[in-house]
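Each of the two complexes below includes chain A, the first together with chain B, the second together with chain C.
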Partner chain A sequence: MVFKEQNEYNKLLLSLGYKLENMLVPKHEVLNDKDAERLLGFYNVTRDGLPKIKEDDPALKGLGARMGSIIKITRKSPSVGIAFYYRVVIEG
Partner chain B sequence: MKSEELPGTIREMYEKQDKKEKKRFLENYKKAVVTPGEAVGTIAAQSIGEPGTQMTLRTFHYAGVAELSVPLGLPRLIEIIDAKRAPKNAIMTIFLEKKYSKDEGYANKLAKKLQERFLCDVCKIDIDVKKRELCVETEDDEAKKILQKFTESEGEDGRFVITEELLSDLKKIKNKLEKKRLEGIKGIKRVFVRELNDEYVLYAEGSNLKGVLNMDGVDKNRATTNDIFQIYETVGIEAARNAIITEAMKVLDEQNLDVDIRHIMLVADQMTVTGTVQAVGRTGISGAKESVLARAAFEETEKHILNAAIYGEVDTLGGVAENIIIGQPIPVGTGTVELAIKPIKAKKSKK
Partner chain C sequence: MTIRKKIDRIEFGLFSSKMIQKLSAAKIYTPNTYDEDGYPIEGGLMDPRLGVIDPGIRCKTCGGRLGECQGHFGHVDLTRPIIHVGYAKEVYLLLRATCRVCGRLLIPDDKLKKYDIGHLSIPESSNFWKMAQKISDAEGKCPYCNEPQIKIKFVRPYSYYEGENNLLVTDICERFKKITDEDLRYLGLNVRPEWMILSSIPVLPITTRPSITLESSDRSEDDLTHKLVDILRINQRLEENINSGAPQLIIEDLWDLLQYHVATYFDNGITGIPPARHRSGRPLKTIAQRLKSKEGRFRKNLSGKRVNFSARTVIGPEPNISINEVGVPLLIALELTVPEEVNERNIKDLRKLVLNGSNVHPGAHNVITPIGRKRVMEENKEELAKNLEEGDIVERHLQDGDIVIFNRQPSLHRISMMCHHVKVLPHNTLRLNTSVCAPYNADFDGDEMNLHVPQSEEAIAEADILMKVQECIISPRFGRPIIGGRHDHVTGMHILTKDRTEFTRGEALNLTGGIVKISKGKKKITGKEIFSELLPTDLTLSYEGKFGKVSIENGKLVSGVIDSEGMSGELLKELFIRYGSDVAREFIDSSTRIAIRAIMEHGFSTGIDELDLPEGGLKKIEKITEDAKANVDNLIKLYQKGEFEVIPGKSLEESLEDYTMAELGKARTMAGKTAEECAGDNSAVIMARTGARGNLLNLTQMAGMVGQQAVRGKRIKRGYNSRTLSHFMKGDVSAEANGFVATNFKKGLRPIEYFFHAMGGRESLVDTAIRTARSGYMQRRLINALQDLEVYPDRTVRGDSGIIVQFEYGEDGIDPMKKCYLEQKSR
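This part shows the complex of A and B:
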């Protein structure tokens, strides 16, 4: 069936680093170690205190995020324009 | 308040203002910021709960398509907040890729391709009890291909006969045949083509986001569904948060209830902190509280107290409910501030 082949094709694209695009998905980035430490220091929290995101989340595909890395999410917020949100990657 | 304290995006807006406006901007910003220790959750609960009492209980509304009934009103709001796995009336909105968006023929073709079609829709399936036979009559080519796998006796004008010793076996085969899907995507029951803002849009009854996104010709950027769990599974937790907000606001806006979007955003954020979509209630947020006393005070008192006793849980008394129970000041508002006194050594009197 055509559908099956298409599915395989999409999997291949994802494995090559193709990013998921949908209007509902805001921009996800992985913070580098320096920025991550600065963030934790600024809010005076540990990694446990941040909101979580699962390792197998479809939005993280192709980003190279590992467990414990912090994801910076650039949201378009109706109240403040652009808002940043941070999630820490946990076991999926 | 000083301009240095502003968060990044607000500061950009501040820098663009005139000199005269800057002072007013700061004042207004200061007014809009929530004071530390404010019980935002309680305010959000009340702000959503009060308009909820005014909602009509059972309203079905038509979102552009007369044939589709979209559940709105209180039942739908409860569905969203409780994070129900499959909503009662799932609906998908599918946009076409730009090059096809004005092609009605393509839209109709895609609609036909998406819609589920079962074998029993194109066949006449009968069981002859006396002869122990299962007769299938069909004119559809694809159906014939499938039937050829089951039996070799293909009669004239598409008549297939399957013979079995036992009647129950025949029944099993009949059930199996009826469920065979010829084409379409699992879960999509009906598809309608409508014109919206100069382009053709497909509305589908039933929902399968993963399947639709894999289809050619579908605008992957704009395809949506009202099934929040499917969004979570196919495009991730952040998309699910956005879906919760838009779906809840849609329900409230439709009845002209003016609820600030920040209350809904708070609820959506809380529902998605753990990386999965949690319900608001004993199965989700309230059941995942840290404090034993707070959980016991909410629902299922015995279960929580018993489990706490078995596992030797410790209550650090960090929340509101547990402090009310034991009669301490609650950590809300002025209660969040802890006072510490640094003792000063008393000076020795000169005497």
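This part shows the complex of A and C:
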């Protein structure tokens, strides 16, 4: 098969269930309900108070994230090694 | 509990002409403002129904007096409608998007029906605009009435042509009236488009355009009033001409003029039309100019405000006051006040202050009792002092020990504003200890600084605890001291603590008198012992100084010499961490004073003769230069033969550049070393080595060799066609043809070298100019974006309404100002 653009190739891969993998994209994972509630309780916020990520964000492809689910992002950080960040999925 | 409400959305709309008339308190129709007696004319621009600007008069609309009545809008009915310049582009887009006859959106019904009118997204409606415009631009046919469309041309700022014909505003208005509300909603509009065309304009209340009475009792009107007079005059002329049946051409000319005046009434800075001018030639300041840019209402008056209880003057140095203090001129202390509440313990003192009046220094300006505020004057000061009661507030002069906030612009970081204690001093400058120049980035070549006096107990306490200079010794930027001895302080302390400095007891007392105590009994006292008196008795510490290891045991300097690392570096940091800010402040205050005495006692000066190198040294440097040049020539030969090793990823030419740069860089380092060795221990070298002022590169350039000049990080290559100057052959890659300066500043540069040096110098000059401008704007945007972020007690960073921005401050939860404590712990 000949692909016009890399994009199309990526789209195909995603449709086949592949996840976005790149050394520059930090690891994204969906928190389960229990962990999500614990997180909200820990920081004493509602979902409105969390940073947001759009449902159609390429990093969420293949993760099965739905609106309202909380994404845990594991980033490399120069100051602490590994830093966690959380985002709530919003309408794309 | 405060109730927080979230703004869901803001909707902007337009006023219809009917609405403008409805909101109006008066119809304005005559361009005359005042009659012969100087009274405002009814129906003129100063109509009394529009509000009051003169004291004692009541508003004809609301009955309020000056200050109570905010003013009321009036309106002018225009003889012919006019395009609102702010919507000229929207008018154009809409003309293109709709049929010229039936006014329907130029999109076939079947395409529209696919979409739900209530839930259109922004990209969807912008798509509709594009689709509709395609038909009219291509001169296609309306899908509803089959009328062929004509391409519409827009000539900025407010003319429209259909094919060749000028479109009249009245015709545009007629077309817009035909557009259905439903079609407009597909385009994302929820206003009637004919409202973008004005047939009435609002007249601003006179309170917003007050006239000023000059000394000669002439009235001078506001720019907006002038502009409105122009509009009314043309409006009247247009009406007269229409009524007398003037030719269409003249009417259209006047119509266009009316359009011009209304447009400049809104914005006098529109490109494409000349700005309306005052009789003197000054452009008028109309509505948009009042609001726009740095001098406009928003940035000048709403986000920026002027304050009371502040002072500004030139600054000067005063090494004998503490770093915590600021010397305030008596003149300023007489003017600024602090409110102090009377209680049983201070009533006697405050009475004295009131008795002193407002013109004698520790005095008072006002007494505030529950009844009211009274100014302290010669006539009533005795009475005021007698009647002073607990609970009254006395606004007294600024006195020694009062707390003020001191600031120097540009306020780039938090330590540009610090809290000082007042010390009232004679003369007219604000005085500060030279050790606090660094955080303010101040010098005394004419710099001015500002002083602010906090007015409430809370503000005073907050400033005192959080912003005091001694609390800011550690910089939040890099976690090391930013305040501390520099320049002569460092040199002085170096001289004092050098090995084998000894003083008799008399000399030692002379140095330390009034600062620290010297124990009795010893005949000879070393400089290190004097310095040790400044340290806490239980301090044990060793650190790497600039002259090797410095070790302090039980508060005694055992070995090592104090340099900038001791005066404003490692040692100061340790004192701050282990003993707190009071000890650190005390150390800075005393050590700098002793250092100054030491340097004065010893004598210290520098001059160009220190750059004289002995014969041997000069020869060595010459040899280094020659060797370097020879090496470069060798490289060039190799390059021409193509024999040397190419650096991976670079071309042959680039590799040659790199090799030559390295070779010439090496030459300068070597020349510098030689110069340093030869110069020995003169003042310039001492200053550079201790970190007091200058560095060895400066000395190298003066005594040894200036070295390779660079533009854009490369050897100088620009200028003539493939050569830098006409003195060289084309394609010359040798050192001297590409900006290598082999001489030094002492000896003097050759003309060609001088030119190359100027090229490099110019670049750095331009860079700094650009950098400050760009970083200033960047700073402004950053501050606007981050101004209401806050670190919460759980170390999350949250925005305005508690929205989380960072889950841990800076990802590590560490305050850079306090990070040195952490390093301490891990050691």
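In this text, the second predicted complex is superposed on the first by the 85 of 92 C-alpha atoms of A that agree within 3 Å, B and C clash if a C-alpha of one lies under 4 Å from a C-alpha of the other, contacts with A are read in each partner's own complex, and residues count from 1 in each chain.
Here is the rule we use: contacts are C-beta pairs under 8 Å (C-beta built on N, C-alpha and C of every residue); 3 or more make two chains touch, one makes a residue touch a chain.
All values reported here derive from a predicted model rather than from experimental measurement.
Shared-chain residue A:86: touches chain C; no touch with chain B. Of the two partner chains, neither chain B nor chain C is touched by A:32.
Touching more residues of chain A than its counterpart among chain B and chain C is B.
By the touch criterion stated above, A:49 is placed in contact with chain C alone, chain B being left untouched. Across the two superposed structures, the residue set of chain A contacted by chain B and also by chain C is 51, 77, 79-80, 83-84. Taken together, the chain A residues at the contact with chain B in this complex read 2-3, 6-7, 10, 20-26, 28, 51-54, 57-60, 73, 75, 77-84, 87, 90. Of all residues in chain B, those touching chain A in their complex are 7-10, 13, 185, 211, 213-216, 220-224, 231, 233-239, 242-243, 261-262, 265, 269, 272-276. Within the complex, the chain C residues that touch chain A are 794, 796, 798, 801-805, 807-808, 810-812, 814. Those residues of chain A that touch chain C in the complex are listed here as 43-45, 48-51, 77, 79-80, 83-86.
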